[in-house]
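Naming follows writing order (A, B, C, D, E and F), and every chain is counted from residue 1.
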Amino acid sequence: MKAQRESFFATETEFDNANTVIFGAPFDSTTSFRPGARFASKVMRSESFGLETYSPYLDADLTDAKFFDAGDLELTFGDTNMALDDIRKFVAEILAADKIPFMIGGEHLVTLPAVKAAFEKYADLRLIHFDAHTDLRDDYLGAKLSHATVIKRCHDILGDDKIAQFGIRSGEREEFAFGKARTNLHPFNFEGLESILEKFKNYPLYFTIDLDVLDPSVFPGTGTPEAGGVTFIELLNAAMKVIEKADIVALDIVELSPHYDISGASTAVALKILREMLLELFVKEQNK
Amino acid sequence: MKAQRESFFATETEFDNANTVIFGAPFDSTTSFRPGARFASKVMRSESFGLETYSPYLDADLTDAKFFDAGDLELTFGDTNMALDDIRKFVAEILAADKIPFMIGGEHLVTLPAVKAAFEKYADLRLIHFDAHTDLRDDYLGAKLSHATVIKRCHDILGDDKIAQFGIRSGEREEFAFGKARTNLHPFNFEGLESILEKFKNYPLYFTIDLDVLDPSVFPGTGTPEAGGVTFIELLNAAMKVIEKADIVALDIVELSPHYDISGASTAVALKILREMLLELFVKEQNK
Amino acid sequence: MKAQRESFFATETEFDNANTVIFGAPFDSTTSFRPGARFASKVMRSESFGLETYSPYLDADLTDAKFFDAGDLELTFGDTNMALDDIRKFVAEILAADKIPFMIGGEHLVTLPAVKAAFEKYADLRLIHFDAHTDLRDDYLGAKLSHATVIKRCHDILGDDKIAQFGIRSGEREEFAFGKARTNLHPFNFEGLESILEKFKNYPLYFTIDLDVLDPSVFPGTGTPEAGGVTFIELLNAAMKVIEKADIVALDIVELSPHYDISGASTAVALKILREMLLELFVKEQNK
Amino acid sequence: MKAQRESFFATETEFDNANTVIFGAPFDSTTSFRPGARFASKVMRSESFGLETYSPYLDADLTDAKFFDAGDLELTFGDTNMALDDIRKFVAEILAADKIPFMIGGEHLVTLPAVKAAFEKYADLRLIHFDAHTDLRDDYLGAKLSHATVIKRCHDILGDDKIAQFGIRSGEREEFAFGKARTNLHPFNFEGLESILEKFKNYPLYFTIDLDVLDPSVFPGTGTPEAGGVTFIELLNAAMKVIEKADIVALDIVELSPHYDISGASTAVALKILREMLLELFVKEQNK
Amino acid sequence: MKAQRESFFATETEFDNANTVIFGAPFDSTTSFRPGARFASKVMRSESFGLETYSPYLDADLTDAKFFDAGDLELTFGDTNMALDDIRKFVAEILAADKIPFMIGGEHLVTLPAVKAAFEKYADLRLIHFDAHTDLRDDYLGAKLSHATVIKRCHDILGDDKIAQFGIRSGEREEFAFGKARTNLHPFNFEGLESILEKFKNYPLYFTIDLDVLDPSVFPGTGTPEAGGVTFIELLNAAMKVIEKADIVALDIVELSPHYDISGASTAVALKILREMLLELFVKEQNK
Amino acid sequence: MKAQRESFFATETEFDNANTVIFGAPFDSTTSFRPGARFASKVMRSESFGLETYSPYLDADLTDAKFFDAGDLELTFGDTNMALDDIRKFVAEILAADKIPFMIGGEHLVTLPAVKAAFEKYADLRLIHFDAHTDLRDDYLGAKLSHATVIKRCHDILGDDKIAQFGIRSGEREEFAFGKARTNLHPFNFEGLESILEKFKNYPLYFTIDLDVLDPSVFPGTGTPEAGGVTFIELLNAAMKVIEKADIVALDIVELSPHYDISGASTAVALKILREMLLELFVKEQNK
């Protein structure tokens, strides 16, 4: 008798056969306002049972796609360095096997070690960042490692003009100034995405989506809801464009905090975005 | 002393004076994912006290309309056939009195016995179906009678080309294929509704609205929220068009699961749709 | 050692240095349907910690604006006259110091004593009212003082043609008739706002926003959600226009009922509207 | 076709055949802290479907008892005097028909008009009061009519030594002093109940239970939970004793605020207490 | 790379090495009142991460015990016979391997097929039943298979005097009569347990615990909370006694409905009971 | 005009006049399971408005007691050392002014820096610890600073036999062994408290209460509910005894996670414990 266990979309693909590797990074220790993103990967995996594997948008089916669900990392709360290093090593291991890591946060700080791992392999790495917030503070109440500083820390690694930000509608005055000068910050929506994709097209790309880029009406289940965001279709189209045009080497979606939306609609939105991204990666892989 | 009791919109119309008969079908026994639609009619009746009876959209008032609230059926959980048969008989009784049954689900499977009853009276019955899901599976984990198979079962009764589906954005690949071939499946929105209304105009019509056709931002209170749905105004306009143009003989709205939206907004949306539908039925009746 | 205490957006401005005075009016005693607006000012103050003080819309920062947070009034529940009189006196005190009172409700009835105080100072006062509901009943179950009668009571004071209403989509037939005849009632949205602002431009203005003018998808946290409302951006733009063009002497936002939206998104929306209004008042003051 | 409607425990007894008349008084307008008791009678009626009519404690069945469910009064929020007067008249009407009114609150202030009506019929009325709170303030923030003053107001009517209080564990110093001097205040539990019953035995009795006398572990669904209360069995035994020994002419249970306990356990406790009280009244009636 | 997956208490024991086999039976299709027991096994497995494996009560540790977590069955909603038969076959398979099946419900009806499977192997099977409810109806709204009839159906199989019931405090008059005559019904608590254990001691025993035998203060997370139940320690001691004294061949715990208790306390109670039962089974096995 | 601000029990005492200083330590960054203790002090302060200042247990009133509410510390999430050091300095500052710090957690780790500060002043410090959990791990997933290691870290400072633990019912086998050998661990309840108080009576004492020592029925609002705990009255009596007999130099109550108990009962329990402790400190101070 074999144990029945949950996996994302009930995938049974083994690591060796997979092109993409999903895993959860249940960490939200630096979240200053409202914690809970730690529960995202667990709840998403569990609820993925309720979503069809077929997409009428792409006319493709997850039962054909080759992705491995590695489960969730066990991360130390209260020791940020230790937790981030565990993520970095895990992402590096997936990259070393020439597969695409697809991380499910957790708070946004989990992106930092994943970017670090990708940068270790790809020195000319670019970063596309969808978010409501700039995440460009240099420190938050004295802490250099925080969900509010993560893109600033990525900029420390990647340098000027290697990052592009979209949908941004919240931050300090100084962050917006920094962003305009050095990280291709595009406020409020996805205007300018195509020219960035053109500019980044010959470089390996890390793609991070903070789901709070969505309007809170669509996605209330997040720690810091910010009115004035994009619609589901706008995000879906933009994400599809990025995957279609760019040379993705790693990606993540972060900041679902499922318990703040007991209707389950936020989790369902996150899962649909995930499904379409997995399918678009699969379609692209097939068309190679 | 007379007992004070709740009724939909505080109607006091008797059965004999009514053109339309509302009743609840509190059944959700085949719901595989998240149950709760059984509570819809009770909560809607109770909350209908908070909604004005006057519509500024139609400049009409429910205090003028003649509808009877029959209350809720008492249905057996765990014996699907028995429950469905109780619904069928009740709908038949209303139809026999030449009144329009307006059923409040419950999960979507409750539509099947109502369609059956309508088909027994009207052999050339047509069906218009608004939903996020095709509901065209042939069985669900072996069960032929399921919320996921209900339109397939209706097709068993009505046959090819008698059904039209709108707003559909979720299903298996095979369901979409079946729908395109045999049930006038229109994905995502209400495009094509007018030509279907033209095509069906000389036939008696059953009209069923699975409220999850709405975007989850508008209607999170449902068992299986599906991102990418229609707006309240889109649904309202489409429903008004169907009632105005078609020869409605029976109708229902299903799949409100009120406890998943503690704000009450989903229930309020369902009630406003119900009010406008009742008023449009009334306006049409008056204009005869 | 000094006690640390919460204030709106952590303001430390003293009363004497402020142009605007925020205070809470935690009263919802006449709410017939679902109470809870009493908690709005307390929850908003507490959550304001999570919102940036900088606005990328206006490129302005609350740390520059001069507003005083007076805290919450302690109002008597169960004795409506006593509670309203306490509000009236408090608003009068602020007006007497030539500052702008910015009241955070509470239910909509709190607007009445504030309008009364403003009218005592400004005999030619005008009123602009954003709301889903007409609030034009003459009494509610026999009570003259009710959230459902508040604009009718304001009309008793101000008279015909001194009030303009926008976004209205719910009320009795008689209320709509009254509104059309005597209060410049504009249904559903903000069409006609510019001509009203032109008409009212030389008069002192009281500006009241019942936040349920927003669609429930954006703002579910309110006592009586009404489908078919305006978007966040529509409300924001309309409010900015009013503040920019009119001679505001007092204002309020009412009817957030925070516990009905556990995601916190409704509170976040209310706070963003509040921030932008404070900033626009500040920008205008600076440009004088 | 007859409309199906909910009644308490599905009773179909008519007023004329009933000994006891249940009705709801959905009023909580003076509740200063956390409102919601207005929802109690509606939720209890609805959930009473889930409770067996048979009591293994008393070996008696509600299907045998003769009680009428009059429904809920429609009370004016925001005008306390009007609401209380409507209750008083309704209770007087039941008493005039020589039946026992059994009121379901609402906040505790609803007891005042019911006591008034009973006192109008029975000049030598006594009052037994179970509660966590003394309710003996003379005013609350200036209001004489409040949930916090209700027993003081009853004392105004009945006078010294006509009231007995049990389970009391919260109040101001002055209230405890007053209670000890003039209302037979028994703190914390039911010690002394038997001697009070002996003392009151030849007088008509009004019996009021504020359910927050229960420990919050048993009954969290109330506006002001007070640790250190009695158990379910202690309350049940005490209530049974009162009904058995005293000459009950009217009674009530108040202060269930069902939405604060989403488990439904508080409502279930209230219903079981209600069932046992109705049955004990019935058993006593039969033994006459 | 190996996938990380959740199991009960993180067990990694394989089937072949296990004495006991845990599995979930996520079925609640006949629940008439409030569904949700279907979520119990999933939530318990997930939350078991938060409970220590060591018991200070028994001074024993789950890391030593040999139990296999088979995962959850995938059961058909809406076709009760099919679902029950899948359970029966699965239990039979475990029994055939000479292991003890430990089923996590689900509603109480899942006990029926498990008892059937055990009876097929052990013709002299006895049943001990802890519950708030008799579950002795012969049918429920016409359905023979229901959570309210399950022990009656077990009696159909096992016959008179083979069943003993404890903690019972709710049911119809006829059920209590039947129970007293034919199923050793012990009301309210565990009095008489020792003499039943003496009587049943030479027979194979099925042990079923409906967790609503607990008082709702301890265990609010259940479909039908019944005031007046036993404490955690009383249940723990009684369950330990049964396992210690009886010859257990199969067992279950049912009717946790985790979403009705958002504090998680009910799930934690269920897990602690489960841990202690597993450990006592282990201790007994070791002492053989 | 002066700003109205919330303080614990509306105290207006200044620091210089106070004997006791309450402050919040909103930190829960190492909580591995379910976060939320960060919200405790804010919610308790806000809800303290609903609790009477008078205690019928002690016949004493908080309006007489001299305590200062310093507000909440602003602590860095994600950098544990920085946060703990901020607490240590703040406690040292209060101790330096010869006042008693009364800290409101936060998770249990906040006790460590407070003990450190007290130990710096009192080299012969003793510690009494009420808790469900031993908190004696040496590390938690590699982290030395964790809510699960806090008493082990205190032992590092204070040494053998300086700590006494009560109510403990959860931990690893090794923790119980360590506790029995070196920290006077008393399992399950308060047996042995009197002899410990006798033993510690001539030493300065730090008193820490993890509120999860209470049974979850009484106190579900905590991160890790553990069945089998003590009652409210048991905890109250034990705490009163400690304050009465010991030479308290600092104290705390921790691990209320208010959002897990939406009834508010857990917060109310915590507040009542706090009130009684403040009053007992006051009574003792007066009797000096």
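Keep this in mind: a residue touches a chain if its C-beta (ideal position, glycine included) is under 8 Å from a C-beta of that chain, and two chains touch if they have at least 3 such contacts.
No experiment lies behind these values; they were computed from the predicted model shown.
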Touching both subunit A and subunit F, which chains are there? C, E
List every chain that touches both subunit B and subunit F. A, C, D, E
Could you tell me which chain lies farthest from subunit D when each chain's centre is the average position of its Cα atoms? A
With centres defined by CA atoms only, which chain is the most remote from subunit E? C
Among A-E, C-D or B-C, find the interface that matches A-F: by residue number, over half of the contact pairs should be common to both. C-D
Computed distance of Cα centres, subunit B from subunit A, in Å: 39
Can you list the residues of subunit F that touch 2 or more other chains? 74, 215, 217, 261-262
Contacting chain pairs, sorted by label, are A-B, A-C, A-E, A-F, B-C, B-D, B-E, C-D, C-F, D-E, D-F, E-F
Interface with subunit D, subunit C side, in the complex: residues 28-32, 35-36, 38, 74-80, 82, 109, 140-143, 145-146
Residue positions on subunit D within touch of subunit B in the complex are 1-7, 15, 21, 42, 46, 68-74, 93-94, 97
Going by the contact rule at the top, pick out the subunit D residues touching subunit E in the complex. 49-54, 56, 59, 61, 215, 217-218, 232-233, 236, 261-265, 268-269, 272
Under the definition above, what is the set of subunit C residues touching subunit B in their complex? 33-34, 168-173, 176, 187-188, 215-217, 220-221, 224-228, 260-262
